[in-house]
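You will see chain A twice below: alongside chain B first, and alongside chain C after that.
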Partner chain A sequence: MDDVIKLDAANYKDLLKHYIDTQDEKSLYGVEQVSKSFIKNHILPEEIVNLHIQALAELYPEMSEKFQHSMDFLLEAMISYGLAHQEFQMLREKQYEIKSEISVAASMQNTLLGTTKPEIEGLDIGIVSVPAHQMNGDYHHFVKGKDGSLGIAIADVIGKGIPAALCMSMIKYAMDSYPEDSMEPKSILKNLNRVVERNVDASMFITMLYAQYLPCEHKLHYASAGHEPGFYYDAEKGTFTEIETKGLVLGVSSDAEYEQYELKVNKGDMVILLTDGVTECRDGDRFIESEEILEVIKSYEDLPAQEMVNKVYKHFERLQDFELRDDFTLLILRREV
Partner chain B sequence: MNLSVDITNESEKSIVNLSGEIDAYTAPQLKDAVLPLTKTPEHTVEIDLENVNYMDSTGLGVFISALKSTKEHGSKMKLVNIQDRVLRLFKITGLDEIMDINSAIRGGSE
Partner chain C sequence: MTPQSCVTIQKEWDIVGARQLGRDIAKKMGFGTVDQARIATAISELARNIYLYTENGQICFEVVENMNRKGLVILSTDNGPGIDDIGRVMEDGYSTSGGLGAGLPGVKRLMDEFDVQSEVGVGTKIKAIKWAR
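== the complex of A and B ==
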């Protein structure tokens, strides 16, 4: 590194001389290159002033004493800038470290919370879940029961970012610990509510919809803990209806009870589950109405469920200039046969 | 968007007038203003939401912690003049059943 400095220092002196004699643009360009190399090698501003003083002294030994003193004065004035610059460098490195640590945490979250979309005959499933920042506060989970049923959880942790993401892991492990045959939506929510109420900060809460699809009976059992209502698409009529549910968010009151509902799913019908990142989309200052979301979904009706959710996501991503305000999760379940 | 918080203290009651948006950026400010008021026993904290047209779930979190604090300290919280769009959030989350809420008197209630 010393060599670089020596080389650049000599170069600096030549360029300075050339500029003083000719005021040539080329030497200005030259000094720009030298200063870039200095920055790259962490040379501080006062060192450059020092270099300037030395170069001047060599080039013009007869320089006035007063001028020399003024240069020393300038040198002193630059020292604080040098310190500030060093601090900036340090912060930049730290920021880089933090960023990479968060990305490690995010990928760990993906591993911990990972769920695979199950293949179930006669059922077409599409799911898209995209975090607004590095870590996702939305969560979805599929569980295949021994009896052939499919459990689906979709949830949103309030409190965003890292604390929310950590909280999600707790929910997932609580759910994993339930025996497979007792997966009734209302009891799952009642149970999780107690876990969350005991373990979570007062301003943090979780909304969740838990659904259980029974392929043999073509029925959907579900219960909601204050979760954004989903929609039911009646293929025969071509209409959507809001799936009405009642139930308190998880983590607020330890004795909350949850109501369970049942829905008969006919051939071609769809169940659409989502989080508020979908319904709270904005187009500029305008809120997107749920009718608009449903219209977009309907326009892709002929596609397989996975392509549908992908297209719907792309649509709203574009509408919001590719900047999500909130985590976005959309799940479509369609009975094929 | 900003949130302005205006507090009027009476002997047994504090009236909090909010105006603006409650989201992840303004929620901490709301929390700092409201939470201390809930810590006096027998005190009523009335929060006027007439001029709040947008609130996201982070805002709900503030009201939930305030509610928990009223239970802990024996105080009361009342939400008044909630606009439809914000009220919807309280209804979906089931909080309208455990909180003392009055919807908007002006600006179109249901």
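== the complex of A and C ==
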């Protein structure tokens, strides 16, 4: 490496001489390349100034003393830049390490929180869940009951990133410990509320909507803990209505009770569940209206549910210049027959 | 080893005196301009900390010589409040100036050897050495 520097130093002197004589662009291009090589070899600014001083002294031994002093002054002025540069270098390496640790954590999270979309006769399901950063603070989970019912949880931790993701793992394990079928949405939320209240930092809140679909009766039972309201699409009328929900966010009060609602789902109807990463999408500085989301959903009505959610996601991703501000989860459930 | 020469740091102006003395010694020892400037900057950082965080303290210089090399030792001593968590202070990006790369991690980079001893309520002792090439 020292050889590289010596070579570059000699090169620098020649280029400088040539430039002083001709002021041509070629020497400037040359010094650009030398400068890049210096950066690559961690040469600090004060060393470059020093190199310049030495080159000048060799080229113009009769150089004025005042001018020499001015160059020494410049060298002193560069020392702090050199330090700042080294610090940035170090922080950049650290950041790289942290990034790769997080990506390991993110893939662990995917394994831990993974859920498979169930296949149910007569029901078309689409789900998309994309984190804003590497780790997802949104969560969704499917449970297929022995009685043929389908349990769906959709949740959002207020907050993003790693703390939110850690929090979700806890929710997931609490839910896994519940008996598979016997649980109703309102009792699940009541239970989870206690888990969250006891175990999670007071500054962290979780919203959740828990729904249970009964395919035989074509009914949806659901309860919400302060979660972003979903929508119901009436295929016959071609209209959307907001799904009525009331309920306290998880973890606020230990004895919260949750109200349970029932919805009749007719053929072709859709239930749309989401997190606020969807409703709080932005177009520039403007928050989009929920009508816009519904319009976009409606425009893809003829597609299978999975393709619908994919297209809707693509639409809003693009609208936000491919930079999500919040985790985005959208779930569509459609009764086919 | 030569006898120590010291500068007491109490006023901001004293920082300049410490730099001057350190630079003179470095020059005499044959350090090049770049190293002289680095040594002066390290002295500044140490002396500024004494000026900012303690009542007073001293910056002393010593020339050490062993078989094959010569080094300039900077010793910073004070009876100030001490540094509680040295590990933290030595972390990049921690200093109050934030992102200027200076502070104690900067001193460590500017010099070849660096050692801090500090006790809360008793004082701080920092030793840094630069070897002449």
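Keep this in mind: the second predicted complex is superposed on the first by the 313 of 337 C-alpha atoms of A that agree within 3 Å, B and C clash if a C-alpha of one lies under 4 Å from a C-alpha of the other, contacts with A are read in each partner's own complex, and residues count from 1 in each chain.
Everything that follows uses one rule, which is that a residue touches a chain if its C-beta (ideal position, glycine included) is under 8 Å from a C-beta of that chain, and two chains touch if they have at least 3 such contacts.
As the structure is a prediction and not an experimental result, all values here were calculated from the model.
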Simultaneous placement of chain C and chain B on chain A, clash or fit: fit
First, second, both or neither for A:45, with chain B first and chain C second: neither
Touched partner set for A:203, first chain B, second chain C, both or neither: first
Chain B versus chain C as contact partner of A:247, first or second or both or neither: first
Touched partner set for A:53, first chain B, second chain C, both or neither: second
Touching partner for A:75 - first (chain B), second (chain C), both, neither: second
Partner chain(s) touched by A:87 [first = chain B, second = chain C, both, neither]: second
Touched partner set for A:228, first chain B, second chain C, both or neither: first
Residue contacts with chain A in the superposition, chain B compared against chain C: B
Minimum C-alpha spacing, chains overlaid - chain B and chain C, in Å: 21
Residue ranges of chain C in contact with chain A within the complex: 32-34, 37-38, 40-41, 92-93, 99-102, 105-106, 109-110
Complex contacts: residues of chain B adjacent to chain A: 24, 31, 56-58, 60-62, 64-65, 67-69, 85, 92-95, 97-98
Residue ranges of chain A touching chain C (in the complex, touch as defined): 46-47, 50, 53, 72, 75-76, 79-80, 83-88, 90-91, 94
In the complex with chain B, residue positions of chain A that touch it: 156, 158-160, 201-205, 207, 225-229, 246-249, 252-253, 256, 276, 280, 287, 326
